[in-house]
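Next come two complexes built around chain A: one with chain B, the other with chain C.
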Partner chain A sequence: MRYTKLRKENFHEFLRVLERYGKVYAPHRISEKFYDFREMRDPNDVVTEYPRTVMPPKKFFFEPLSELFKVGLRDFSYSTPEEDIQPFVIFGVHAYDIKGLMILDSVYMEPGLEEKQYAVRRQKALIVGISDMPDQYNFSNVRNADWVDEGFDLFLHPIEEGWLIRVGSPTGHKIIDDNSQLFHGTTLKDIDDFKEHEKRRQLSFPMCMSLSDVRYVLEVNWNNPIWEEEAKRCLGCGNCTMTCPTCRCYEVWDEPDVELSSASRFRRWDSCQFHDHGLVAGGENFREHKVDRFRHRYNCKNSYVKALHCDFCVGCGRCTAFCPAGISYMGIITHLMEAKVHED
Partner chain B sequence: MKTDNYTDLYKLNKAHVVRVFDLTDKEKLFVFRFDDKDLASTWTYKPGQFVQIAVPGVGESTISITSSATRKGFFELCIRKVGRVTSVIHKLRPGDVVGIRGPYGNGFPMEAMEGKDLLLIASGLGMAPLRGVFLYALDNRWLYGRIALINTARYSSELLFREELDAMLDMTTAENLLIMQTVTREPEYPGLKGRATEYIDQTGVDPKNCAVIVCGPPRMYMDVFRKVLQLGFSPDHLYMTLERRMKCGVGKCGHCVAGTATNMVYMCKDGPVFTYYDIMSTPGLI
Partner chain C sequence: MERRKLKVGIWALTGCYGCQLNFVNLEDDLLKIVQNVDLEVFYMATRANNEETNFDVSFIEGSVTTPEDEEEAKKARERSKYVVALGNCAVNGGVQGFNSTQDFETNIRTVYGDDAHFHLPFGLSKPLDSVIKVDFYLYGCPPEKKDYIYFLTTLLLGTWPEDWTIPVCAECRLKGNPCVIIERGEPCVGPITVAGCEARCPSHNVACIGCRGPLKVVDNSDAMALTFKGKELPTDRILDRMRLFSAYKDLSKVEEALRNV
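Showing the complex of A and B:
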């Protein structure tokens, strides 16, 4: 991998340079406690240290609400919305969110079943990663999502003089080569800084355990009373799934226009925590009770992404950080890992 | 990278109603044909697969195909009037237009069953996908041994394709077929009464060399499997088809996901056909 250095004094200029490659979205502080990806207007507003954004970058590729197609009700003409997706840049993406995008790719760009809307946006996007310092909810290390070797164009790591950059794609190389005045070769000191930072970062993760057997732990604890107990506290609001970087359920509905000349099919994000997620015509509900839906999320998040040999959960901690009921995802998993199935 | 190469996953193909048959109070049989002549003559599918049928402006429904692709130029859907979309579909008349996507799902592995006897057990609406299997096997008669079909429902008025199956009784001896139709809740019914499991040992299929396909309400599956295993059938060739809420049919929307952490499946993509071993290793599937 190619390494290069961006000095502190060149950082804002670097953000300006990124604008040449498309509209830049970067982490901004949006309230006292929360951060989110917003369009960059002033590089001074861009935040480089943040625990997590409210919304993962999935919103740029799999939009919360979109029109899939339109059908003429008289002539049955079929058309998809004309989209002119311009190249864009997402700056400041943490490793776990990059992993999250790769997991979404495995679903939405599954060979032979690529979804055009998603694929077009994915190909227009330039991803600039940034190293994160974990807070108490971040367990991406035990999910092997604390570090990525691919899925980005550039990746920034803080060092004393500014940033050490890893280059991850041909576009990344072009940015470095076309703007060589901004970048410098790395010194041995830079590399030591980088290693030192990573060491400190690794020690900051609150959890160190193996989740290799978590799938089995969930299965053998299918009837553990904790599911009922925690599901009682759950409000069923769906925050955990909306903010999850790999949750991707959607709902569709048809809407005719007022003149009844055409009808559009829309889609919006859906959540497995909602009562109607498994409800079919005739009244049968395949996950009727809240506990069924609650437990399903834990099983689904911990199931295999077959294409990547990893779990769907990347350990970003959003479902815990943004749960209005204060339910701890890892709290439940660690409880199950230690729980006895048989009470003596 | 070129993005134009991607086909539109959700594209609707225009099809029109050719004929409508009333089957029961709740179910109708619709014969459809694609408007595009090439598509109409080349579109093919496997028994057990399903389509998404759309009435634009109303919505889309997931319906299993009840015809066999061995008969070209049209396809048939048996649709129960149960919700918003299917209520509108029930009002359609010949010439009316719908949108079709598919076929989706894995379908039954008909090749793996070649050389074997077939035991088909249908309950209620389960006859719809099994009719596709039955017609396919009849059209490829030389590939299979004895074919036994048990069609069951609560009341005789709910027996799907009852008349069609009755009309086939003439040829059963010549074709080495057996057709049984039984009802469970109508004591005055003159024909067979009781559950399908009570008749399995009278079907004349060879348990040592027979594939069993079951389709009906999920709660009947284990009963049937227990019975056939007790009668000495091999667990290697027990199949069934399941249903869930489906919105996309292509493994994206997430509604049909079921199972546990070690085995999370999309009914639409990994199913809807599953084996006995799938059920045993995936709690929550049925």
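Showing the complex of A and C:
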């Protein structure tokens, strides 16, 4: 892999340079405790240290709300919205979110089944990763998502002088080559800094265990009373799934225009935690009770991604950090792993 | 394609006329809608009301507070194919229903003292479906303009409007807001309130007070109460918060959950 160095004093210039490759979105502090990817206006507003953004980068590819197509009600014409997607840059993406995007790719870009909106945006996006320092909710190490080998153009790791950059794609190489005045060769000291940082980072992860058997543990615990007990506190608000980097459920509905000349089909992110998510024709609901919906999420997130040999959950910790009811996802999983179901 | 015009009535019981006003606020869109709609009754906009006809749809605003309200509601029901409870007063009894746990006489005396005289035979403000069958609900105080348009256009096309069954949180996250419960421990009732307002209040950094009313398909108010209790909100404030726009909601689940903490 190619490594290069970006000195602190060149950092803002580097962000400006990225603008030449498209509109730059980067982590911003949006309130006292929340961060989110927002369009960069001033490099001074970009944060490089943040625990997690409230919305995952999936929002750039799978839009939270969109019009899918329009049908003419007089001429029965059919049209899809004209889209002119320009190249854009997402700066400051953590490894678990890059892994999240790779998981989404495996679903939305499955050969022959490409989701157009997603695929077009994915091709136009440049991803600049950044190393994260885990907080108490981050268990991406346990999910093998604390590090990525691919899925980015450039990846920044902090060192004393600034940043050590890993180059991950031909576009990444081009950015470095076209702007060589901004970059420097790495020194032995930089390498020591990098190793030191990685060591500190690895030791900061709050969890150290294996979750490779988790989907089976969940499966055999289907009837565990813990589900009923824990679901009581759940608000059914859907924050856990809305903020999850790999949740993909959506709802569609049709809306006529006010002149009744056309009708559009819209799509909005949906959540398995909403009552009507399991509602089907005939009024049946295959997840009628809150406990069904609550348990479902754990099973879904821990199911197997065949294409990547991993789980759908990347351990970003959003579902715990952004649960208004304070429900801990890993807390429940460890509880289920440890609680005896058999009484002597 | 020639379309039969829908005969529509916009009726008003006890309320502030705000829901009707928001209908008028449709402005240019209203002019387009009336191409396909005959407004037979619209108290706020005209005196030429034809109450004696049969209606395809009657929107009824306001809570049932006086005997006249009840009569009016029944009259509209008899003559209408569909009845729509328009806005929070009609859907849930409105803020004026707030003190529904005490009898009306006590409420009056508390506010106006023992010497006050009232000749109007009115009582507690009740939701519309406590006296007549309601086919559709348009939530909000007032409902959003797009709610009116969506409702009428789907009906005109011969389909029907889908009910809102997702909470305000959904739209709040989609907008990329921070969460005021997590960040400031505020008693935001977004998790149990009907969406459709695009999380207007939380988007201005203000907790949702639930003006679109509680979700009808699912009741998570007990979990909501536990969350608020965890933020050290006193029980009476939790109950007030939940009653504000839904005076008749059964809070026994909430009370039980709070007793058990």
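Note that the second predicted complex is superposed on the first by the 344 of 344 C-alpha atoms of A that agree within 3 Å, B and C clash if a C-alpha of one lies under 4 Å from a C-alpha of the other, contacts with A are read in each partner's own complex, and residues count from 1 in each chain.
The definition used in the following text is that a contact is a pair of C-beta atoms (placed from the backbone, for glycine too) under 8 Å apart; a residue touches a chain by one contact, two chains touch by 3 or more.
This one's a predicted model, so the numbers in the text were calculated from it and none came from an experiment.
*Asks:* Using the superposition on chain A described above, determine whether A:D42 touches chain B (first), chain C (second), both, or neither.
*Replies:* neither
*Asks:* In the superposed arrangement, which partner chain does A:S303 touch: chain B (first), chain C (second), both, or neither?
*Replies:* A:S303: touches chain B, not chain C.
*Asks:* Just checking: does A:V214 make contact with chain B only, chain C only, both, or neither of them? Give me first, second, both or neither.
*Replies:* first
*Asks:* Touch check for A:Q123: first (chain B), second (chain C), both, or neither?
*Replies:* The first partner, chain B, only.
*Asks:* With both complexes overlaid on chain A, does A:G282 touch chain B (first), chain C (second), both or neither?
*Replies:* The answer is first: A:G282 touches chain B but not chain C.
*Asks:* Would you check which partner chain A:Y78 touches, where first means chain B only, second means chain C only, and both and neither mean what they say?
*Replies:* Only chain B is touched by A:Y78; chain C is not.
*Asks:* Kindly classify A:E338 by the partners it touches after superposition: chain B alone (first), chain C alone (second), both, or neither?
*Replies:* neither
*Asks:* Scan A:P256 for contacts with chain B and chain C and give back first, second, both or neither.
*Replies:* It touches chain B and chain C both.
*Asks:* Check whether A:E114 is in contact with chain B, with chain C, with both or with neither, and answer first, second, both or neither.
*Replies:* A:E114: touches chain B, not chain C.
*Asks:* Residues on chain A in contact with chain B in one complex and with chain C in the other?
*Replies:* Chain A residues touching both partners: 73, 253-256, 260, 263, 270.
*Asks:* Please name which positions on chain C make contact with chain A in the complex.
*Replies:* Contacts found on chain C: 1, 3, 29, 32-33, 35-36, 149-150, 153-154, 156-157, 159, 162, 165-167, 169-170, 173-174, 176-179, 181-183, 188, 190-192, 205, 215, 217-218, 220, 222-224, 226-227, 230, 257.
*Asks:* For chain A, which residues are in contact with chain B within the complex?
*Replies:* For this pair, the touching residues of chain A are 68-69, 71, 73, 76, 78, 80, 107-108, 110, 113-116, 119-120, 123, 214-216, 218-219, 222, 248-256, 260, 263, 265, 270, 272, 277-282, 286, 296, 298-300, 302-304.
*Asks:* Show me the residue ranges of chain B that touch chain A in the complex, using the header's touch definition.
*Replies:* Touching chain A: residues 1, 3, 6-12, 14, 54, 56-61, 82-86, 97, 99, 243-245, 247-248, 250-255, 257-264, 283 of chain B.
*Asks:* What part of chain A is in contact with chain C in the complex they form?
*Replies:* 30-34, 36, 38, 54-55, 59, 64-65, 73-74, 232-239, 242-243, 253-260, 263, 268-271, 274-276, 290, 321-322, 324-326
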